[in-house]
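After this come two complexes, each holding subunit A, first together with subunit B and then together with subunit C.
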Partner chain A sequence: MVLEIQKPRPIWQIMFSTHHTDVGLLYLITSLAALFMGGALALAIRLELFLPGSQIIADSMTFNRMFTVHGTTLIFLFILPFASAIGNYLIPIMVRYKDMAYPKLNAIAFWMIPPGFALVWLGFADFTWNAYAPYSVISAPGPAADMWIFGLKILGVSSILGAINFIVTILKCKHPDLPLSKIPLLAWAYLTSSLIMIVAMPTFAAALLMLLTDRLGVSGFFNPARGGDPIAYQHLFWFTFHPEVYVLVIPAIGFMYEIIPRFSRKPIFSHGSGVAAFILLSIVSFASWAHHMYATGMSFTEKTVFMVGTLAAVPASAMHVFNFLATMWGGRIRFATPMMWSVGGIALFFSAGAGGVVNTAMPLDFITHDSYWVVGHFHLFVMGTIAFGSFGFLYYIFPYVTGRMYNEKWGNVHFITSFIGAVMVFFTQHVLGLYGMPRRIFDYPPFPEWVAMNQFASIGAMLLGIGAAIFLVNMIYSAAKGKEANMDDPWGIGGKYYYPYQQKNPHH
Partner chain B sequence: MRKIFGLSCILTILFVVPTVQYVLAAGDEPGEYLDRRVEIWNLFFRLMTVAFVIGAVVSGTLIWLVLRFRESNPKAKPTKYEEAGEW
Partner chain C sequence: MSGHSTWPEWVYIGVVVALLVWVGAESWNVERLVDHVPADAEVIKVTGQQWFWTFEHPDGTKEIGELHLQKGKPYKFEITSKDVIHSFNIPDYVVLQDAVPGRINTVWFVPKDTGEFPIQCREYCGLIHYNMRGTLYVEDTA
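Showing the complex of A and B:
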């Protein structure tokens, strides 16, 4: 592992390195920067919605720009790069190889992120992270929209390159004595999510090109005025981005598969069922994209097919949850910070999944469509499951990266504030949706129920913000002045570590 | 785990497939009148009943696991894997 703080090197040595831990560190720092930038926008949005009328944001256009960049940043610049960071650190070690399969390609994949990041933030587009046609074709102001399209194009290519690297590293570079059936579940998580990425992402890459040529007036794929079909864009978008949900969530589940056995002081209950569930999820992820589009006039048969396709994800997800519970059963659980995040993540994953089951039922979908229910549902997934799993793993890997321990007490405070905050914001948003509040609105009528629930959700968001501030201070202070970690057993829980820091691959 | 997976499959088959088949097939038969909205709401309520029952059981189990198997619980004892050094 990179003990950067204890043995610092010039920054340029890390920036221009192709070693997997150096690239992992770059991914990690970039993703955390994106987390705080995207999170700051979320806080501004919640402050604006604290009361009806304009509060801190001047107009609806600025509001639209803020939640567009918020969503784009947290999905493409926090969650995906964070998963790449952890994968870079651990996958070569887990498959017992000296580095990623293609180290230079790995570094190139990372260095495509800063220009993509810059294009998204400097443009500050306003058409939501979906960029739905026909608005994105006809009316979305340029150059912001065009910068977003180019930014996403670059980020998409980066993701594909990263996915190719993970697949080749796991399948072709693993140690000959290590059968695929024995590689850790985290490595399986990266293998399946990378395969999904390879299959799904090119569709969106094509859609982005079509969108761009439509905007330039060269074509009319999605422009109704030129005989195009805006609904086709939605199909192309969701064919990529419903599977992408699994690309985001599968590594987070993999993180939990590392943490839960470690802190339960037991091996994982069933390695085989974890592998089977990952493979099942990767297949059914492609069977549900149009459940985002029930309201677009699809036939009853089509809707039924996609409803059943969506429900097919439930058994696979349940297999993971039961695997976690069975692992904890009979254990002697140390509730250190990583374990708290993982257990909290399981609870919220389950809640988010239950909401998803409700949402995929056609009758209720028509009630909740484009309402705050949807906002609450997917945030419960991305924040409550994916970010919780990621935070847990960041605390877990912290001693390996820095050689020091984080402050356990403040780690616990971070978890508790974030858990309460997440429940306050995202559960409330479900109810707000049932009360009829539409999503993506800058202002709302002063119905007492809406005002009260928005205020409750905004207070929850402030709690999340306080937790994030505590996290930032804890990370910086502990990395610089934290207690030196016992690298053989940072939490004093015994057992054999799977990837002791002594396995550090030499720099090259 | 295999049993759990089997149970999940059976539940899916029991609740979803017959209703979907009925809804799709009945519409094709002359003289059969079917209010698809009623059928689909029925499916929804059955699914919700199953979801809430499973949800309550799993959530309750998770809370119990956290309380019972935390290392500070007086009943906590080293796992067999700790003692055998296999973990």
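Showing the complex of A and C:
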């Protein structure tokens, strides 16, 4: 077990442990496995789109299944478990408690992930990660679709259990001397994102059951042939998954709040503004779900309401960006790998947010909707912001987990290739969308602009793939053979490493 | 708080909010005009099904995968679907509206240039979604 170098233990002791860092380690390994599996699908998709016509994927059904599982994997099996991993490692320590509030529930929440993972991958459904009705009811082939529904059901319950655990740990188990206003912003991030999760997720859980009974033919909630309304499914879906966007992004913002002050050698510009922005985001995230649905035939009034609700989320995100920049301003910045990822992530976060304003402006949405613009837009969030923040934090927490240091030079190379790659893929996809290319297509007509931009994007994707390969080797090699980290101050930035390994909570 | 002033943050938030209000107001204004269908628009019934488009002109003639329209005339599309959700799209004219079974959605436009323009499906609808394409032919009024 390379990640437990310091005191090797048999693997089953980690697997059947309820200790927060052990569960955290399980989450971490699972999420990284999902990252590489989902990423491999993305590379295959980009290779296929390098030229018009069939390249490496035999038929459109395989392609459709691949992008469906790509999205499902990276959202539910990489981003969410990765956030849970970091939360498990640090939240109990940040609120000064011996473990998560419910250690057994914590282990149960983790162990629901492997069956969900298996159902999604063995089924390999084709109806996109949205599973829009009535396609998912009357047209999507089973048993893949049913396995996806059951898998998501399990993963959804797992997320709810994890969220309950974080909320109780932070609110009820924090040290009595520690007022809520003083807990670190990373803990605030977990508190707000868990609250959003708990309010949003049950709606999708209900929608999944309705979808399942519809597929079984015993109900017709979303099936127009039986008097149902397919648009109702979209409302239920986005009522969960627009807020979910913030569930995904808020922990990544929290990661940056840990890294940026530390590597700028300055305290955070405003703790209060960070807390306020998190709370604002968690409220307004519920006011914007139907901006995904302008083209379903919504009335002018509905569109206006959801445009205003969406625009209302922008100032809160802008407050975070300001906070980061003001913290860096005048700081003696050390551009170690975690800091590079954070700063790159902020730049792409800002770009993604600016693109989002275009999407929600009603007339412009009809240019961008369901085109490659949207693909580029949300990938700037999920890859550019969330994965960048997560990579940065993984490098940051690496000495804490392994007691060793990663290779700094290759960490920098990983960042530089990924940053260039991300800009090449996702900015190009924005432009490709303006040229009218729809998303989720296996093949496209050989319009010269489409071909050129697809090739440029695919080359960028290969850079991301090269970066990921470097990352994998760096992690494995450094975990086993890396230099011993100076646990007081691994980056030589002065001050103590925030959470020294020695402070680890005892096993129980 | 480390004693620094907070006014730059308030100014910054003010600028962001002002920009958003401008974007919102301008969108509201444009969309209000776009949603207003001209009274003399000719109705074209559009039906999506896996995986082709059918167009019906007011005189009852039907076209499959091809749509012939005349330059400079306003047209109103009444869009529906026979099976799953599709999305009727002429990217060059920013015509985009979902084809939802059991509903009729409308969108209108005026073709300004003669020529051939691609028609496509923008909502995932299964196996041949990628090739659910058609062509719009805009012809000069003789």
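The working rule: the second predicted complex is superposed on the first by the 502 of 508 C-alpha atoms of A that agree within 3 Å, B and C clash if a C-alpha of one lies under 4 Å from a C-alpha of the other, contacts with A are read in each partner's own complex, and residues count from 1 in each chain.
The working rule: a contact is a pair of C-beta atoms (placed from the backbone, for glycine too) under 8 Å apart; a residue touches a chain by one contact, two chains touch by 3 or more.
None of these values were measured; they are calculated from a predicted model.
S.K.: Determine, for the superposed arrangement built on subunit A, whether subunit B and subunit C clash or fit.
M.R.: With subunit A aligned, subunit B runs into subunit C, so clash.
S.K.: Based on the superposed arrangement, let me know which partner A:S273 touches: subunit B (first), subunit C (second), both, or neither?
M.R.: Both partners, subunit B and subunit C.
S.K.: Just checking: does A:R265 make contact with subunit B only, subunit C only, both, or neither of them? Give me first, second, both or neither.
M.R.: In the superposed model, A:R265 contacts subunit B only, not subunit C.
S.K.: With both complexes superposed on chain A, which partner does A:S371 reach: first (subunit B), second (subunit C), both or neither?
M.R.: Second partner only, subunit C.
S.K.: In the superposed arrangement, which partner chain does A:A361 touch: subunit B (first), subunit C (second), both, or neither?
M.R.: Both subunit B and subunit C are touched by A:A361.
S.K.: Which partner chains sit in contact with A:R332 here, subunit B, subunit C, both or neither? Use first/second/both/neither.
M.R.: Once the two structures are laid over each other on A, A:R332 reaches subunit B alone.
S.K.: For A:F442, decide between first (touching subunit B), second (touching subunit C), both and neither.
M.R.: second
S.K.: When the two structures are overlaid on chain A, which partner does A:V314 contact: first (subunit B), second (subunit C), both, or neither?
M.R.: both
S.K.: In the superposed arrangement, which partner chain does A:M61 touch: subunit B (first), subunit C (second), both, or neither?
M.R.: Touch partner of A:M61: subunit C, not subunit B.
S.K.: Go through the superposed model and pick first if A:G297 touches only subunit B, second if only subunit C, both, or neither.
M.R.: Only subunit C; A:G297 stays clear of subunit B.
S.K.: In the combined picture, which part of subunit C sits where subunit B already is, 22-30, 58-66, 76-84 or 130-138?
M.R.: With the two structures superposed, the offending stretch of subunit C is 22-30.
S.K.: Jot down the residues of subunit A that show up as touching in both complexes, subunit B in one and subunit C in the other.
M.R.: Shared contact residues on subunit A: 267, 269-270, 272-273, 300, 304, 308, 311, 314-315, 318-319, 322, 326, 357, 361-364.
S.K.: Which residues of subunit B touch subunit A once you look at their complex with the stated criterion?
M.R.: Checking each residue of subunit B against subunit A gives 1-2, 4-5, 8-9, 12, 16-17, 20, 23-24, 36-37, 40-41, 43-44, 47-48, 51-52, 54-55, 58-59, 61-62, 65-66, 69-71, 76-79, 81-82, 85-87.
S.K.: Taking the complex as given, what residues does subunit C use to touch subunit A?
M.R.: 1-2, 4, 6, 8-9, 12-13, 16-17, 20, 23-24, 26-28, 30-32, 34-35, 50, 83-85, 87, 89, 91-92, 94, 96-98, 100-103, 105-106, 118, 120-131, 133
S.K.: Which part of subunit A faces subunit C closely enough to touch in the complex?
M.R.: Against subunit C, the touching part of subunit A is residues 60-61, 64, 126-128, 132, 134-135, 138-140, 224-225, 229-231, 267, 269-273, 295-297, 300, 303-304, 307-308, 311, 314-315, 318-319, 322, 326, 357, 361-364, 366-367, 369-371, 435-436, 438-445.
S.K.: Quick check on the complex: what are the subunit A residues that touch subunit B?
M.R.: Those residues of subunit A that touch subunit B are 261, 264-267, 269-270, 272-273, 276, 300-301, 304, 308, 311-312, 314-315, 318-319, 321-323, 325-326, 328-335, 343, 346-347, 350, 354, 357-358, 361-364, 494-496.
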